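Every chain is named by a letter (A, B, C, D, E and F) in the order it is written, and numbering of its residues begins at 1.
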Amino acid sequence: MKLITAIVKPARVDDIKVALQSNGIHGMTVSEASGFGRQKGHTEIYRGAEYVVDLIPKVRIEVLVDDADLNRILDLVVNTANSGAIGDGKVWVIPVETVVRVRTNERGSDAL
Amino acid sequence: MKLITAIVKPARVDDIKVALQSNGIHGMTVSEASGFGRQKGHTEIYRGAEYVVDLIPKVRIEVLVDDADLNRILDLVVNTANSGAIGDGKVWVIPVETVVRVRTNERGSDAL
Amino acid sequence: MKLITAIVKPARVDDIKVALQSNGIHGMTVSEASGFGRQKGHTEIYRGAEYVVDLIPKVRIEVLVDDADLNRILDLVVNTANSGAIGDGKVWVIPVETVVRVRTNERGSDAL
Amino acid sequence: MSGINTGDTAWVLMSGALVLFMTPGLAIFYGGMVRAKSTLNMMMMSFAAIGVTTIIWVIYGYSIVFGKDTGSGIIGNLDHIGLNNTIDQVVGGEGHTIPTLAFVMFQLTFAIITVALLSGAIADRAKYSSWVIFVGVWITLVYAPIAHWAFAGQGGTGGWIIDKLGALDFAGGTVVEINSGAAALALAIVLGKREGFKRDPMRPHNMPLVLLGAGMLWFGWFGFNAGSALGASGLAATAMINTQVATAGAAMSWLVYEKIKGGKATTLGVASGAIAGAVAITPACGYVTPLGALAIGLVGGAVSAWAVSRKYKFNYDDSLDVVGVHGFGGIVGMIAIGLIGTKAVNELGGNGLFVSGSPSLLTKQVIAILATAAYSFTATFIIAKVIQKTIGFRVRRDVELEGLDTTTHAESAYDINPFTSR
Amino acid sequence: MSGINTGDTAWVLMSGALVLFMTPGLAIFYGGMVRAKSTLNMMMMSFAAIGVTTIIWVIYGYSIVFGKDTGSGIIGNLDHIGLNNTIDQVVGGEGHTIPTLAFVMFQLTFAIITVALLSGAIADRAKYSSWVIFVGVWITLVYAPIAHWAFAGQGGTGGWIIDKLGALDFAGGTVVEINSGAAALALAIVLGKREGFKRDPMRPHNMPLVLLGAGMLWFGWFGFNAGSALGASGLAATAMINTQVATAGAAMSWLVYEKIKGGKATTLGVASGAIAGAVAITPACGYVTPLGALAIGLVGGAVSAWAVSRKYKFNYDDSLDVVGVHGFGGIVGMIAIGLIGTKAVNELGGNGLFVSGSPSLLTKQVIAILATAAYSFTATFIIAKVIQKTIGFRVRRDVELEGLDTTTHAESAYDINPFTSR
Amino acid sequence: MSGINTGDTAWVLMSGALVLFMTPGLAIFYGGMVRAKSTLNMMMMSFAAIGVTTIIWVIYGYSIVFGKDTGSGIIGNLDHIGLNNTIDQVVGGEGHTIPTLAFVMFQLTFAIITVALLSGAIADRAKYSSWVIFVGVWITLVYAPIAHWAFAGQGGTGGWIIDKLGALDFAGGTVVEINSGAAALALAIVLGKREGFKRDPMRPHNMPLVLLGAGMLWFGWFGFNAGSALGASGLAATAMINTQVATAGAAMSWLVYEKIKGGKATTLGVASGAIAGAVAITPACGYVTPLGALAIGLVGGAVSAWAVSRKYKFNYDDSLDVVGVHGFGGIVGMIAIGLIGTKAVNELGGNGLFVSGSPSLLTKQVIAILATAAYSFTATFIIAKVIQKTIGFRVRRDVELEGLDTTTHAESAYDINPFTSR
């Protein structure tokens, strides 16, 4: 079992959700994040003084997948998130030892 | 060392906190998240048009535990979070290579 | 490839950002969190009744690093976050199997 | 209508606008005080109060309150159905007449805010449709008679409190404050406690809104109290300074009460204190001196600060403390007239116990308090019970837990992240 | 200036303040209704409306609206450039004169809010500098003539709508409401739809602000309508109660409309309904009875509730529904005068079709509606097109997507996390 | 009290309510401008200003300001302790008398807002109990004498600025604006800089609140300035339109200043500009023409826009720019009278340098400015130092870093997540 974590632009979340659903993945977890990288932030002005807001808003998407689905879903997420512009984000994969569905206490693949 | 990540209903956080404390776990990290899965979201109306808010608010709870405590604490979290209703959430376990307590620079179990 | 996750005090984020940049790390992801541990929360009063807000605001910082950089960056983060006071936070390290830069589909070290 | 006094009219028109403004102010005050998941519902209760009460007032409400008494001092007649016979009419003393419709408007705003106040007792758990119906029934069966009793002076043949008993209530200590306090208690009992009462803090989700609402109420209260002089007179000026003094005094005395009790000076305390002071001076503002008003404010703030904690003791969930602030505040003010009222301020007023040495006025005040509280509590209890038993007055548990905004109004109050909102 | 009536003057001064307060109220109302990323820009559009309009008004605006008609009933002359010849002058009927500058101030506030209303049609996508210029041009070329037509009564030789046609418009159904509705439609068409129109919900980001804004507008509207009596008269009282009744009625009828359509009673609906009712009664408040006002409110609320959904059908993005609420509301009010207007309320008014049996007044009302709408739409369309083609009127797509607050004003509306904000 | 003019009284009563409303408006304005962690404390400082000042005013404040001068033009006597001898009294010229208590109320609201303004200079770091004490001391030792000097005209034997020097200050350019600016500077210096001053942006946490507050202040300012005519007169109308013109002009000139400096038109700039314009016209509104007011607004806005940046240069942390906006704005207005004041507007006024060619009035204005600023700065500095040295005036560093809301008031401003709040 793997956990795919994708840090992407907020505007991409809807598309990714739809793409996952039409590819048989029926769950994901979303949270707010912000980050810096190559992309520059925006400048705000307060009493004439400029300051840079350099943490750019992003969204974190997490999807648990079976090992067999990993490559397909990873590509799906990456491709859907891609806009070709700087700041498109990062995706990474982490090994997961156990997954539990709280409601039923099912474990492993059944818990997805 | 393992990291238990639990995506649960916001109303369950207090109970889980108490359960952990009375089981010798004296730390956890909480953050906001939302997700979709089997549970449906709610409908809002704007100027007569309905739209579905399908990302349902959840809370992410993270607990670092010693390998020896893993099963006990995993079951504890799962059981406490369980309400039997759809949307109860997911819990997963990830291997952790190092843990550091920032204040003291202690590593490993001592850092918990 | 490793993922360093640091739960630190909000006031430390700027320093960590600067420290990372001047050590050749040009990206990180930040999100809000709160936690409990040894540090006590604050007390609020509502209609004469006191209640403890015991989840203390923290910030989660995540940094992807090459295996070779791990120890150096881990120490850097820990040292910069350290104020010597209770509640300074925790840092942990998780193995990462793949990293992808969304914009270019580069993988591994190139994606950082 | 050439005879009207334009200065008096200007002031009463303005006062009507000011008092109307209090109800949106109350919506903000109450809306900030509940949890974020039911804040729109809280505000919507006030807006329904405006809508329903206004329509009723025009159709028959004004008439049954201010129409000629039907004989026993209980209720007015139907002469002004549909505001019949009010256009081009005037009210007021010689040289100080104002258009009747200005008076109609002014009094309407009192009815609106009185019923809106009740919503604070049943925050986060009332069925909205039942509330809308309740407003109409309550205005008709509870507000209208009590307003007739205390406001409809008709030269001795009008409402029984004002014309027969002769108790003094300048701007609504009975009609608005004690009435809302007693009715709030009845509603809180019938609807029962919120899920998590006493367990969860249920603290205000947006304190700046609460302070803003308090500011709007304070501002509007000048229309409420000084407008009740029904003219731009010296009495209006007295009522205004008294209102200011008591309100400020009570804000400070609540704060001091908190400090003495070993706590912190809270924002909610200062805001609540201000309202409690304005409440306490409401009946008395035209009958006492500014120093008297200061005393009323200081006492009123402390009494209400003490009273709001009673709900935890007696275990009723008067969620936003209508009983403690309005009920007790109103009682303080009514009693104060019986103690320190003085004709030196207003020859149409009376001398209280400490001025004349006679308890006669005080006795009348107590009777007015008891009659108002008893009738309001009983009638409201029955109305609420009937609604509860028939169409239901409380939402289902899961609806309450999720919050009334999304479930009842299909809206949520905020979506303030500029990057994720669409 | 010893002859002025201080009571009338007090009321007009107060009314000027009340109507000015409506524009910050509108900023709050509109600001809460857009998405968080452009809320400051939305509010800034209202504040620019205040700034630019005030300066123009003093320099030449007042003069071309209320200066002596230049001959054809189209526009006033330049006698009062720089408010020349207004200090120490009075306006008004015998025994009821007020200082001319009080009238100048009162009328200024109408011009301000009218142009501010238009910003609702082009939320989230207008270039701010172009908006500032638009305000100045529009006040001069569109507002000024129409205000002259309908407001500048000069004993038969003034504006053509009031003095020649003889249509009735008490407080600005044509000048403010239909004018802003028609101009809003033109603007919405010229600027085009927001990115994501119909796809994204684009729901209000802060509903308590919307309700607060509605409350401020409601309050200010008493100055707008009752102040238009230009004195503290019986007519002012009639206008005030009518305003209250129609506003409340429309809030309820929008709510009922939503329920009947199978939906929920929404907060946005009640707020919008209130505004629609106030709009509908604006032209009629001095010419109909309170029961008539109730009917106007009930109809106005339902009509506007229906009208706001038209934009999805006809596919123009009148973002905050200026057309549906102000355009249609204004039409309802103007027509209503032609149907139920009655001299029993105001002898300077007229009898509508249902009162006199004659369609003559109704015909005049329709002509006033059509002339106002046609001129306003056409002139605004041309002005907006010229701005679009020259300096541009719409921001770049990426600016719109990021939001106008950070891009245009280098600010963002909120930073409310107490722990991360510095 | 049959002789009072009801129209004048109506306007002064209303003005008192309007000016009182400014202080909650200021609380909102300031509260939105600080960081979220200390916003309640910021608002609580304004509410304490209302509470303490009101109590003092009634007990002795009014008397020492407006009581008969004790001889040297410095302070009034104690004849009106406890508002003794004010009920049933009147003030004002023949045919235009108003109840003394209306005047007492009106003047009280000036004292309140003046001291409340000071809180802006010491945002986020003052001990609340010390602030409460400071308010009482400052009203007594600083506000009261200065108000006596400039407001207590007693036919030549009253306050020295108005009765002996003969400088002109219509509505408080010295008493309110320059006084608050100078005192703010002293406070900022004594308390020292916030942690992170110049390093952290410390930007406003809730800009819609700031704009709302600005709107409330703008609205209330009509009472402040036009109410200072103490009647519904032509002069009041002049003062009102002048206020509107200067406020609007300054909002636009601040905006233009920002653009010229190469920046963006900011929301904070427009809001600050509006206040700066209202400040600048305050002393002058009854003495200049509307075109003169426009000039004052344009200059006042630009001067204040420039002045607020001085704090970074001279390194004092006047957190919310009381010095730049009120101090400098007030100076602009006072000087402007000496330049463009004209008796054509008000025969009780004076002709400035550009009108009469004589610098005599200008000289008086400069003396009034200097005397006010010098006394206010010095006395405030001493008071603040004494408080600092005895009970302390500044919170501990860790308290400041955590924020004053949770530490001092045990509350936090927001809890707006509907799902996690309980």
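Some notes on this structure:
In this text, a residue touches a chain if its C-beta (ideal position, glycine included) is under 8 Å from a C-beta of that chain, and two chains touch if they have at least 3 such contacts.
Keep in mind it's a predicted model, so treat the numbers as computed, not measured.
By residue number, more than half of the contact pairs of B-E reappear in one of the listed pairs C-F, A-E or C-D, namely C-D.
Simply put, of A-E and C-D, more C-beta pairs touch at C-D. Distance between chain A and chain D, defined via averaged C-alpha coordinates, is recorded as 52 Å. The geometric centre of chain D is 33 Å away from that of chain E, both derived from CA atoms. A straight line joining the Cα centres of chain A and chain B is 18 Å long.
Along chain E, residues 5-8, 10-11, 14, 201-204, 206, 212, 216, 232, 263-264, 266, 268, 406, 410-414, 416-419 each make contact with two or more other chains.
The residues of chain B that reach two or more other chains are 31-32, 44-46, 50, 94-95, listed in rising order.
In terms of which chains touch, the assembly is arranged so that all chains touch all other chains. Within the complex formed with chain E, the chain F residues making contact are 5-8, 10-11, 14, 18, 35-37, 96, 196, 200-208, 211-212, 214-216, 218-219, 222-223, 226, 231-234, 236-238, 240-241, 244-245, 248-249, 251-252, 255, 263-268, 270-271, 274, 289-291, 294, 344-345, 403, 405-406, 412-414, 416. Listing the residues of chain D that touch chain A in their complex gives 417, 419-420.
The touching residues of chain A, counted against chain B in their complex, run 1, 3, 17, 26-32, 64, 94-103, 105, 111.
Those residues of chain F that touch chain A in the shared complex are 201-204, 258, 261, 263-264, 266, 268, 308-309, 312, 321. Interface residues of chain C, counted against chain E in their complex, comprise 10, 13, 32, 57, 59.
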